[in-house]
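Presented sequentially are two complexes of chain A, the first with chain B as partner and the second with chain C.
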Partner chain A sequence: MSTTTFIRTADLKGLVADFNAAGIGVAGPARTSDGAVDYQSITSFDAVVLDAQPRNSLKQFFLPPTEPLFKYARQGQDVAILEVPMSFPPRVLIGARPCDAAAVEVLDRVMNWDYKDEPWFARRDATTIVTFACPGGDRSCFCTAVGLAPDATRGSDLLLAPAGDGYVVEIVTPKGQKLVDAYAKRFATGAGVDATKAYRDTARASVEGHVPARPDVIRAWVETHFEDPFWAEISMRCHGCGGCAASCPTCHCFDIVDEPETLTEGVRRRNWDTCQTSLFTMHASGHNPRHDQCGRCRQRVNHKFAIYPARFNDILCTGCGRCARTCPAGQDVTEILTRIVAMATGQGGAA
Partner chain B sequence: MNVYQPFRVRIEERIDETADTRTLRLKFLDPDIAEKFDFKAGQFGEYSVFGAGECTFCIASSPTRKGYIECSFKTVGKVTSAMKDLEVGDVMGFRGPYGNAFPMEQMHGGNVVFIAGGIGLAPVRCVIWNVLDERNKFKDVTIVYGARSVADLVYKRELEDWGKRPDVKLWTTVDPGGETPDWKGQVGFVPAIVEKASPKADNSWAVICGPPVMIKYTLPVLKKLGFTEDRILTTLENRMKCGIGKCGRCNIGPVYVCKDGPVFTAAEMAKLPNEF
Partner chain C sequence: MTELRELARRLLSEGTVNAVLGWEEGPRGARPAFVTTPDGADRLIFDPRCVHDLASYLSPRRPHLKKLGKVAVVLKPCDARAVAGLIRETQIPRENVVLVGVRCGGVLADPESTAPLSETTVADRCRGCPDREAKLADHVVGTAGAGFPGPSRRAQKIEELAAMPVDRRWDFWQAELSKCVRCHACRQVCPLCFCERCMADKSLPRWIESSPHARGNIAWHITRAMHLAGRCVDCGECERVCPEGIPLGLITRKIAQVVSDRYDFRPSDDPAVPAPVGTYRMDDPQEFIL
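Right, the complex of A and B next:
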């Protein structure tokens, strides 16, 4: 068990005020003007909404939807490359959900695979993630099926769970410890983790059973059923819009494009991309190795539940359920995974 | 300098191979990088035109020839069209080298059969140069190269040079109907010419690159000749963006072409799902 401390709700508000005063950026889940909840910049803890899952994930704070990689300026035949700063101001993400915090750490694997992705890790270094144990999810949540939980500490620097007039604070990482030490006056002795047990148990019960917790069975089936008609069947309802990937905390595929700003100057950017579109894999010749939506739907499941586990010993999914909630066609990952387990264990086949 | 930032290279020479295929010889601007830059036969890079974007090609020159790299490309898309517009002296970008390489050391002491179709000769040419520059380390060298028509043959100067060498058996061919009145090479598809050339399989390696249909029909010929799948090498060029395993674009089943490839044996290819 990690070290714990306690913070009263009033001090949590004070803590955000302290961050503001120190020039530390703060972001957390808060209402948008249209009434939804998004992770976004905030200036007061009063804005934080903890009882609804934000529409977006934390991905954008480390891999923005679009970001400059460098600038270029042509002069005659020559070109100057102008570096963009890869240092970022300190930021605290407060009110993160455990599924979203875990996703960031899952992505550290690929972002550090032989080549270090500086933009990603520069933002990682500058950011402290203060997670709040999840109050419980809806029908689309399945974190416990992918080795996580509503109170999982993975990827978090601190994990808070409510107790009495405040929160029990689990100090997960040295970075979390540093934050507690720097603002020691805001923390106090109080209830221990035991006091949060009922809260955690309730949350866990709300997400369990939505998908069988058999990631190894899912991986083995996906690895051996590339040509299974199941993929064509589930792809029939897919429009290929990529909403699943945009909302996903772990989908990290990107495009690299040049964006001219004047005739001679411009910026090379990377932008979010998705394996759900035909252009993603289309060769310039017109040949497309992944030529139909069947292959694209398969790729998304394959990458998350077989390729990434094989490569990094980690599942590229944290069970947040956003893809299911976002899909305009009702494609439901919990149904897909449940059916895979059923097929793999001989309890059902293609419908 | 982050990993997505290219080296600057200057176009030293440009050679039109065919009506729509061009070779560029590129030299690193930074003398320090020019000095230190090294790669292995088969590796690839991301070439860029500032303002148009990046494109993935193998390095078509050989690591045995220092001081420059070459790429050959067909004008088909946005970036290659922009590359076609560049003049000698213009500055481009290059990131790399990336990916694995042909097992040159393992191939030492063996016979090598090169089989290429169309622009597929570009990655193979890198290995041909490498082998010819270290000719005494290899035994028989056979090259079978085919294109749709005489006009579509790339590296014509080099084909001529290779054809003159007593230590190279060169077979050039064009598809039926693609020949000209003065064409002295073969007429027929590459698999048939490989069968005709009938290179011995004993202590041999085959390096093959070309259109999928050419590879599909050449593999059975090689097997009939006695080549084993672990001695048949090919190189894949999937659409890529990052080239370094991050952008998620080049998966074929569990394989990342940019990291596990681009060079694969036929044995490895046989295990891959049909998605390339």
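Right, the complex of A and C next:
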């Protein structure tokens, strides 16, 4: 078990002021102009909104929607490659949700698989994640069904849970310890983890039972039912809009494009992409192995609950429920997974 | 609701259609339903949470739905305008689809909402909507409330933007469009965005940069707005689906106003009314021709 310390709410505000003064970027969940809550840059802890799940996830801080990989310049027959900076200023993400912090750690697997993704890990190194234990979720939350919890520490450097006039701070990583040491005057002795038990229990109760906690059963069924009519049935309502992937903390597929800036110079960029569109798998020949939405809906479930577990022994889903909340057509991952478990255990089939 | 279910059951049991596209109760409120058996008709609902434009599912670029064969689709009056658009632009033959109109006095903004329909909860696009039932429909069921008077808040915002100096208006749109992550959800959900291959997906040459930077985003949204001029039926789906909360309806409605003012065309559910793009009249405004 990690060591703990305590921070009063007033000191938490002071801590954000300290970061500002030290030139450390701070981002956290705050209101947007359209009334939603997004993780975004903040300058004061007063802006932080902790009682609503942010609309976006944390992935944009490590894999931005667009980023330059390098610049190029044609010089006669040659092409010169001009590096772009791959070091990033320090940043603290404060008020992260445990499902979002865990997602970043889940993605470290694929980002360091056959190739170490330089910008991803440069941003990871520059960033400290200060997570707040989740107060509880709605019917689309199911973190406990994928091995996490509203107070899971995975991916966090510090985990805060409210107690009295402040927060019990679990120091999860050496990076978290470093932050506590650097701002020691902001931390104090106070309540221990036991004081947060009721808070944690309430949160856990609010997310449990939404999906059976049977990831092995789900994986086995998905691996053996590639042609099942279930996929055709659920895909009918799907528009292929990719809203699920855009809001997902673990969907990480990207496209790479060369964009000319002048006649002789340009930038190679990578941009978010999604397996929910036709273009994602379109071959230059015109053949498309995933020729309709049925294959694309299956792919999303397959990648998260079968392919990623097979390759990395990890689930590419943290149970945040954003895909269900954002879907304009009411596609619901909790329903899909619950039905898969029912079919696998002989209690149901395709409607 | 009984009327709707009975009709759907009859259409399916008589073999008139292979599927009825309507709405059902989902885990998070109302959602689109695809009913393929007579008994499944009991799943169908219609209430103010049924905001989705089901005409999107008739678009020919959805091969997985073509497999259903002949379908019936349940339509609000606004959705019927989209079906008329698809017929007008020869995307679906009228006789290939059975249209079931539901009388409508406005819907909520959010299919998950549990609030009763009222002056404060009604979707902004429904304010001032004159249509209570789809004239294009083969069958019309249900009863409708009186509707809600305009103007919409959006119409007021459009006026406000039009009154702004150009540089401030530019600032407003730069801020809004900078949020775009180019997921193209607005396109995917649009019933009238039916191109087999979207211009934004073409890479030889690359007409519209796919990166979500200012240049790419503005190119995309201006192109989309122009392609929807005289075609957008104001179903509101693009704005509802946008994961970044961009007020896309301000763009499409502004363009619709211009088309209405200059070419005397408003999208209706009469597919026989010619589309302004593709129609030439001797008295068309042409002062822009040098």
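We take it that the second predicted complex is superposed on the first by the 351 of 351 C-alpha atoms of A that agree within 3 Å, B and C clash if a C-alpha of one lies under 4 Å from a C-alpha of the other, contacts with A are read in each partner's own complex, and residues count from 1 in each chain.
Here is the rule we use: a residue touches a chain if its C-beta (ideal position, glycine included) is under 8 Å from a C-beta of that chain, and two chains touch if they have at least 3 such contacts.
Computed from a prediction, not measured in an experiment: that's the story for all the values here.
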Partner chain in contact with A:335 - chain B first, chain C second, else both or neither: second
Is A:307 in contact with chain B, with chain C, with both, or with neither (first, second, both, neither)? first
Let me test your reading of the model: by the given contact rule, A:275 touches which partner, first (chain B), second (chain C), both or neither? first
Looking at the overlay, does A:226 come into contact with chain B only (first), chain C only (second), both, or neither? first
Please work out whether A:79 is in contact with chain B alone, chain C alone, both, or neither, and reply first, second, both or neither. first
Taking the superposition as given, does A:257 touch the first partner, chain B, the second, chain C, both, or neither? both
Check: chain A residues flagged as touching chain B and also chain C 255, 257
Residue numbers on chain B that touch chain A, as the complex places them: 1-6, 8, 10, 48-55, 76-77, 80, 87, 89-93, 212, 238-239, 241-242, 244-249, 251-254, 256, 259, 273, 275-276
Spell out the residues on chain C that touch chain A in their complex, using ranges where they run on. 26-34, 40, 52, 56-57, 62-65, 67-68, 111, 175, 181-185, 188-189, 201, 203, 206, 209-213, 237, 240-241, 243, 245, 247
Can you tell me which positions in chain A touch chain B when the two form their complex? 69-70, 72, 74, 77-79, 81, 83, 86, 110-111, 113-119, 223, 226-227, 252-258, 260, 266, 268, 270, 273, 275, 280-285, 287, 289-290, 295, 299, 302-303, 306-307, 310-311
Using the touch definition from the top, list the residues of chain A that touch chain C in their complex. 32-34, 36, 55-56, 65-66, 139-140, 232-233, 235-237, 239-243, 245-247, 255, 257, 259, 269, 271-272, 274, 277, 279, 291-294, 324-326, 328-330, 332, 334-335, 351
